[in-house]
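Some structures are shown below for you to check.
One chain, subunit A, links the two complexes that follow: it is found with subunit B in the first and with subunit C in the second.
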Partner chain A sequence: MPTTYEPIATTTLGSDTASITFTSITSTYTDLVLVLVGNAASDVSTTVQFNSDTGSNYSQTLVYGDGSVAGSGRGSNRTSIDLGTFYNATSTTPQIHIININNYSNSTTYKTTLSRGTAVSIATQARVGLWRSTAAITSIKLAPDGVNFKSGTIATLYGIKAA
Partner chain B sequence: MATTYEAIATVTVGSGGAANIEFTSIPATYTDLNILLSLRQTATGGTNVNMAFNNSTTGYSNRNIISAAGTVVSESTILGTSSIKVGFIPENTNYTANTFSNQYVYIPNYAGSTNKSVSTDNAMENNSTSVYFGLFAGLWSNTAAITSIKLTPENGNFVQHSSATLYGIKNS
Partner chain C sequence: MAVVSIKNKLRRGNLLVGNEAYDPGGFVPISTVTVSSGGSSSIDFTSIPSTYKHLQIRVISRDSRAVSANSLSIRVGNGSIDTGNNYNTHMFRGDGSSATTGNAGTNYNNMDFALEPGSSISSSIFGASIFEILDYANTNKYKTMRSLNGYDANGSGYIVFHSGLWMNTAAIDTIRFTCSGSATFSQYSHFALYGIKGA
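Our next item is the complex of A and B:
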């Protein structure tokens, strides 16, 4: 049985840090899974950009619930994909974002993401994102908008092979 | 390259059903845990599945957003409960026969020294209006490593052919 689910890299922050970037991602997998666990310095959106692209090439659609209200929304021509709010919760209530990036290395289609964010003290949310580029994804940058990830935040990137 | 995603144990409910499904003696050798569930229960009404760690009955809280019969609702945080809710499953009286739930439970850093967060995707489709699709957040405010996991239906028993598989994931 070949190994089909492999860790590519993991980052555990030893201090408050503005962003986490995975670089030199090889094209040897079929799909990617990114698991982000931790907190931010204030309640802000956590964004994703691929291959250092800061252009208005991203879009997204979302549903969310905060315990009393359920809603949905979308955004076009964004400069990043928003995974949803990463909260300034205490370190005792770490939040989870799980992002699936399928068919990330093909050179013929735009790239889609499916993310789920769960913060028991604040909200739950699911989002689909699009990066309008046919380039293979070789780097991924995660950043809470304008603030730092808190120390102790962990991000791990896995690669999945179809065969 | 080390094997990263490993099956730790699988439980399949036999004839006669089971009051709960439990994984014990979970080693601390992984980074995260993942549980895949296919469940159905016997009793009428109350279709939640509850999850508890280390036989603890305190320190849990929950929040979720669900689509119930096609209408999206958001349920309030439930603090201080005796378990984490990991979604809805069919029951024998009102739900299409032979349909089971589909639940994806992710527990990061389960052996670490922080409180334990849980993320669950839950789908229950049975070709009727009594369906659920949801996203569940859970928290166990306890810093102990998780060494056992018990899944219990809100009412009744799990029926035959219900199954649960626990996977361990290593990040290196």
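Our next item is the complex of A and C:
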């Protein structure tokens, strides 16, 4: 059997930058996994958009624990999927988001994402997101809401190919 | 913990969901099932080789039951599916307003291990799941598994963690997925089985 789980592209920011975008994603794979490690200029949510769609076609449901309480929340008819807060921590305390996009290239179903996020020393969380489009995902834009990613933030996109 | 092999300089690590992803050489596709028109009452993976350390099954799914959220269940076995009362599960989930936890089944005859949209939800919406069966071929201990799963329907939905136990020391070589309520998996539901190699 051939192996799979291949790195497609990595972006490492050399300066503070408003967004990271992966483009020209081929349909070679079955699933995508996006790993984001770094910091934002202030405590804002990291957002995800697909295929440059800025319409109100996104939503998410989340669960979190902050060490004292567990809770859940929801966002509907949003212009992006929110991954959760990407804190303005020091570069030695990076925040992490890992986003799974199963069957990203089919042209029949809406696209569902599963993500885990860890705001170090603050909370841990998981989210399920929905993009209400049947289009194959060919580009992914990550952006901290209204501020910059800090220099040194790293985003890596992987592809997984099924048998 | 990543380890660099002295022999071949490859960086080895753990590809379980939630961990940093690397080591492309350790993740191997085994088998895939896509549900065709007419649906399917169960999804079976059989004759799974014992050559890997862990298994991961990556899924999108929905089913025919006339509800919003329906349970996706798992049974496993060696040579045949174990239908005995040999399964335990725990879950932790969010429904958009509160977080809840529960013991979804103790000494139960299967594991309700995910929630997927039923036919009351828009037909374009599928749940996503990542199931992991750890040390599945070890014959000295019971088998532990976990999942991250959910669906969002723009105003409803769940995000769910499950842990599960199969109280049997046999190596797992068979896995069966079914839907609660005698429902069938809908067309385009997709189940992909992977093996994760050890170092």
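Here is the rule we use: the second predicted complex is superposed on the first by the 163 of 163 C-alpha atoms of A that agree within 3 Å, B and C clash if a C-alpha of one lies under 4 Å from a C-alpha of the other, contacts with A are read in each partner's own complex, and residues count from 1 in each chain.
We take it that a residue touches a chain if its C-beta (ideal position, glycine included) is under 8 Å from a C-beta of that chain, and two chains touch if they have at least 3 such contacts.
No experiment lies behind these values; they were computed from the predicted model shown.
J.: Check subunit A with both subunit B and subunit C modelled on it and let me know: fit or clash.
T.: Verdict on subunit A: clash between subunit B and subunit C.
J.: Which partner chains sit in contact with A:Ser68 here, subunit B, subunit C, both or neither? Use first/second/both/neither.
T.: After superposition on chain A, A:Ser68 lies in contact with subunit B alone.
J.: For A:Ala135 in the superposed arrangement: first (subunit B), second (subunit C), both or neither?
T.: A:Ala135 sits against neither subunit B nor subunit C.
J.: Touching A:Thr10, do we find subunit B (first), subunit C (second), both, or neither?
T.: The first partner, subunit B, only.
J.: Examine A:Gln60 and indicate which partner it touches, taking first as subunit B and second as subunit C; both and neither are also allowed.
T.: Second partner only.
J.: Now for A:Pro94: first (subunit B), second (subunit C), both, or neither, which partner does it touch?
T.: first
J.: Given the touch rule stated above, what does A:Val147 touch, subunit B (first), subunit C (second), both, or neither?
T.: Neither partner.
J.: Could you tell me if A:Ser121 is touching subunit B, subunit C, both of them or neither one (first, second, both, neither)?
T.: After superposing on A, A:Ser121 lies in contact with subunit B but is clear of subunit C.
J.: Going by the contact rule set out at the top, does A:Val44 touch subunit B (first), subunit C (second), both, or neither?
T.: neither
J.: After superposing on the shared chain, does subunit C or subunit B touch more subunit A residues?
T.: Looking at subunit A, the partner in contact with more of its residues is C.
J.: Give the one stretch of subunit C, out of 44-52, 98-106 or 170-178, that collides with subunit B after superposing.
T.: With the two structures superposed, the offending stretch of subunit C is 98-106.
J.: Which subunit A residues contact subunit B in one complex and subunit C in the other?
T.: Subunit A residues touching both partners: 3-7, 35, 37, 63-65, 70, 72, 96, 98, 116, 126, 156, 158.
J.: Please output the residues of subunit C touching subunit A within their complex, sorted ascending.
T.: So the residues of subunit C touching subunit A come out as 15, 17-32, 58-60, 92-99, 101, 122, 124-130, 148-155, 157-159, 161, 188, 190, 192-195.
J.: So in the complex, the part of subunit A that touches subunit B is made up of which residues?
T.: By the definition above, subunit A touches subunit B via 3-7, 10, 35, 37, 63-70, 72, 91-96, 98, 116, 118-126, 152, 154, 156, 158.
J.: Which of the residues in subunit B end up touching subunit A in this complex?
T.: For subunit B paired with subunit A, touching residues are 1-5, 31-32, 61-66, 72-77, 106, 108-109, 114-115, 117-121, 135-139, 141, 169-172.
J.: Can you list the subunit A residues touching subunit C in their complex?
T.: Interface residues on the subunit A side: 1-7, 30-31, 33, 35, 37, 59-65, 70-74, 76-77, 96, 98, 100, 102-103, 106, 108-110, 112-114, 116, 126-130, 132, 134, 156, 158, 160-163.
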